[in-house]
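Across the two complexes that follow, chain A remains constant while its partner is chain B and subsequently chain C.
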Partner chain A sequence: MNPIQSFLSRAFPALHGGALAGAVAGCVVACVVAVLILQALPGKARKAVIAAVTFVAGLFYALEFFLPANGQDENILTFAVPTVGNVTNVLGGMTLGLGVLSLIRIHGANVVKVKSGWENSALLLTSMVVMAVAGIKFEQTLFYRSLFRDVLNSFDAAMFAVLAFFIVSAAYRAFRIKSAEATLLMVAALVVMLGQIPIGQYLTHWLPVKGSYLSLLRLDNISNWLLTTVNAPAQRAIGFGLGIGGLAIALRIWLSLERGAYFEAKADES
Partner chain B sequence: MDTASTWSHPIGVWFGAIGTLALFSLIYRENRVYRLFEHIFIGLAAGYLIKTTWTEVLGPQWFTPLFRDGQWPWALVAGFGLLFYTIFSKKHSWMSRIAIGTLMGFAAGQAFQTTASDYIPQIRRSFKPLYVTPEMIPTGSGLTTLGIGLNNLLFVFIMVTVLTYFFFSFEQKNKVVAASARTGRLMLMFAFGAIFGSTVMARMALLIDRVWFLMHNWLHLQ
Partner chain C sequence: MSNPGHPLTRINRHWLYGALLAIVVIGLIVPIPLPLAVSPEATRFYEAIESAPKDKLVLVSTLWSASTQGENRPQTQVVLKHLMKRHIRFALIAFGDAQSTTLAQELAEEQARIYKYEYGKDWINLGFRQDIAGTLKGMVRDINETLKTDSVNRRPLAEYPVMAGVRNVKDLSVIAEFSASGNYKSWVGLVVGSTNAAFCYAPTSVMAPELYTYLDSGQIRGMLFGIKGAAEYEQLLGEKGFTTRAITPVSLALVLLFVLIGLGNYGMYATKKMEGNS
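Coming up: the complex of A and B.
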């Protein structure tokens, strides 16, 4: 156990019963006091607080990455990575409530004001509550399992299957050969699709499967080759671009250099 | 009792089948029945998200450590997380940016680690050997050293040309750079075509699965 870890375990020991209740109550009071202090801050200080917490949050991972590691590939901060990861997950999980509250506000208002389509809104809210309660409280029951498998899974698959039809109309527009690029797109898509369906494989089934250069001309082999040798490097290059762009954006956010609607909004506007 | 029957109930199958047909009715045109089942679907999906967030994140990572293991500092995390909800108050909404900034900071910090752990090894692996010896041939691949060498050469060539296409730091006036970028653009079309083909096939697989559900699970046709 490293010094930070032993200090933290001494400073924040596990509590139970009345001591735990007292500690939680203390945390609640501390949070209320913190909110009151934050609200009393002037505009510039508010911006500084936001920049500071963003920097400190990113600093943990940066330090954990840059600090030298011992023989077991760990440094003084590595022990905290799972806990910080859990904190991130918990904070991320708490944001779900924002979406749920928005749904309730919008659809609840539709129901209360009996707007057009209010019955749809009522069903949306009812099905949300039923699914959440059944999933959390009655997960092992046939009711929840059937609701998940027979209903939710079916609707989910049906929604995406409907896209197959819209993709066909999109394909009609995309496959009209007007340029070299459109031709390549059409040829690649056609070969990949034919290579994955029985009738496409049947077209070249008379060619040897292995052991001859002719096997390279089988549609399933060409389709596989297109996906692994042509598609993979192009996707990897796109991925590298995304990675570098993501790193640049991450640096800008971490150092509060980013500009835009959210970042330029003044903290003291309210 | 098999898994299928313990997860299925005739009422659920009927409801799922009617909903599937209602959702498919969009193919003809938008209608009231479609909208009704669309709303039910959104409600169920939101409810399922609440369920998974509780059972997989907030329950095991927050509630259990706090109330069962006595790790009281998790109460502070909840208080911090509640700052998100100040967004609904005009007076306090700026505080939500503290919580959002923290999440962004964590994400930014993780991006450094992702670059090192994901992208750098990928970059190293992308420069494949152009001279291939017989020991390098994967077992059962059926390819020759020449075939693998040519594939590797093509892999590197496509990756470099596509990277050139996305290189916007300077104007692509140089003939070699311009030709490389043009080739990269064509290679991208190949890749997009392959992605498009794969997507269509995935959607078709879902469609076949739905037809199977309707015929086999609902109508019991073999």
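Coming up: the complex of A and C.
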């Protein structure tokens, strides 16, 4: 056990029963107080606090990655990785709560003010409450299973299945061969898709699978060549660009340099 | 008066919808018994499971909901079937979409009844986690400490025989992800370098072309290319179930797509010709 781990174990011993419940309640109260203090602070001070917390939070993973590891592939911070992972999951859960609050605020106002389409808002809120209660209180019952399997899943699958019809219609209307590039795209798409399906593969099934130059003419082999030799480098190039862009954005967010509606503008308002 | 164009450029969309519906229904009722060439990626996925030692745990990660279950469910099903046939113990985990954990649980229960798999002894559900990066970082160090309890009985993982000898991702033989999303980047970035376990991926068809670069580098051992990959896997298992039958409507729908693109383009050239003549 390293010094940080040993200090944390002494400062925060494992709690059970009433003590654990008390500690959880204390944490909730402390969080509420922290949010209230944050709200009361002037914009610039609030921004500084948020920037500092963001930096320290991001610093954990950076340090854990860069600090030299011992023979067991661990360093002084590695012990805390599972706990920090759980904290990020809790934070992720809180964003769900934010979404729910936002839905209640917007659609609740629609219902109360009887705005146009308020019936849809009422149905949305009712469905949300019924599904939440069913999931929390009646998870092992037919009621929940029926709502989940017969209603939610069916709607979800149906919504996605409709896409196939739109794709067919859009391909017929929009896929026009008007240039050399469009022709190349069309031919490549045709070969790749034919090479993926039995009907397409059947067209050249009489050619040898391998061991002969004729095998290069099999549709499944041409399709595979296009995917592995033409598509893969292009994907790699796109991925490389995305990676660099992602790193730049991550650094800007970590160092609180990012500007925009969710960052600078809010702090300047108050 | 403007030229309304060749009739082939003006096919009512309802006819297109009707044609697609008819082809899918007919394809499901009357499958065309054509052979399907098994891709090298699917073969490598199969071989990873086939060569997995029986005393090690396989991690099955799912990120799919009802929307992509047409492709992801058969993929998950054939691999679970293979694991159970070989009597390899496995753990389910879900990221990204909360529906995923329930759908995978239902599928595993269905297969477990057939192959007499016992929950807790032969398989376990580690549940749903919102944040994949934080969770994977934790699992690289300690799975029990990161995930703590299962999602069915909410009991500590250490109490289950299926988790015996499993401390972190180094103790896994295969990691198989079934996904409608780009989760593979997190797995490749955070886990693959820390374990010798084979990482296999089963995405939807639309996602699959992205993965060839990782297949090329060997970071992803094998892949199932949408429902076609599932049908190939079923073929490798020596079975002909629903997945194999479902390839017929997929094939026919793609042929319809080519025909319609051809008609649309012929209509465009015919219209240009009409305009040139008038």
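Just so it is clear, the second predicted complex is superposed on the first by the 219 of 270 C-alpha atoms of A that agree within 3 Å, B and C clash if a C-alpha of one lies under 4 Å from a C-alpha of the other, contacts with A are read in each partner's own complex, and residues count from 1 in each chain.
Keep this in mind: a contact is a pair of C-beta atoms (placed from the backbone, for glycine too) under 8 Å apart; a residue touches a chain by one contact, two chains touch by 3 or more.
Fair warning: this is a prediction, and the values are worked out from it, not measured in the lab.
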| item | value |
| --- | --- |
| Touching partner for A:S169 - first (chain B), second (chain C), both, neither | second |
| Touched partner set for A:H16, first chain B, second chain C, both or neither | first |
| Which superposed partner A:N231 touches (first chain B, second chain C, both, neither) | both |
| Touched partner set for A:A250, first chain B, second chain C, both or neither | first |
| Touched partner set for A:S154, first chain B, second chain C, both or neither | both |
| Partner chain in contact with A:I199 - chain B first, chain C second, else both or neither | second |
| Contacts of A:V84 with chain B and chain C, given as first, second, both or neither | both |
| Chain B versus chain C as contact partner of A:A30, first or second or both or neither | first |
| Which of chain B and chain C A:D220 touches, first, second, both or neither | second |
| On chain A, positions contacted by chain B and by chain C | 61, 84, 86-89, 91-93, 96, 148-149, 152-157, 159-161, 164-165, 167-168, 171, 186, 190, 193, 196-197, 227, 231-233, 235-236, 239 |
| Residues of chain A defined as touching chain C within the complex | 61, 73-74, 78-79, 81-89, 91-93, 96, 148-149, 152-157, 159-161, 164-165, 167-169, 171-173, 175-177, 186, 190, 193-194, 196-202, 205, 209, 220, 224, 227-228, 231-233, 235-236, 239 |
| Sites on chain C touched by chain A in the complex | 11, 13, 16-17, 19-21, 32, 34-37, 39-40, 65-70, 99, 102-103, 106, 129-131, 133-142, 145-146, 194, 205, 209-210, 212-213, 215-216, 225, 228, 247-248, 250-258, 260-261, 263-265, 268 |
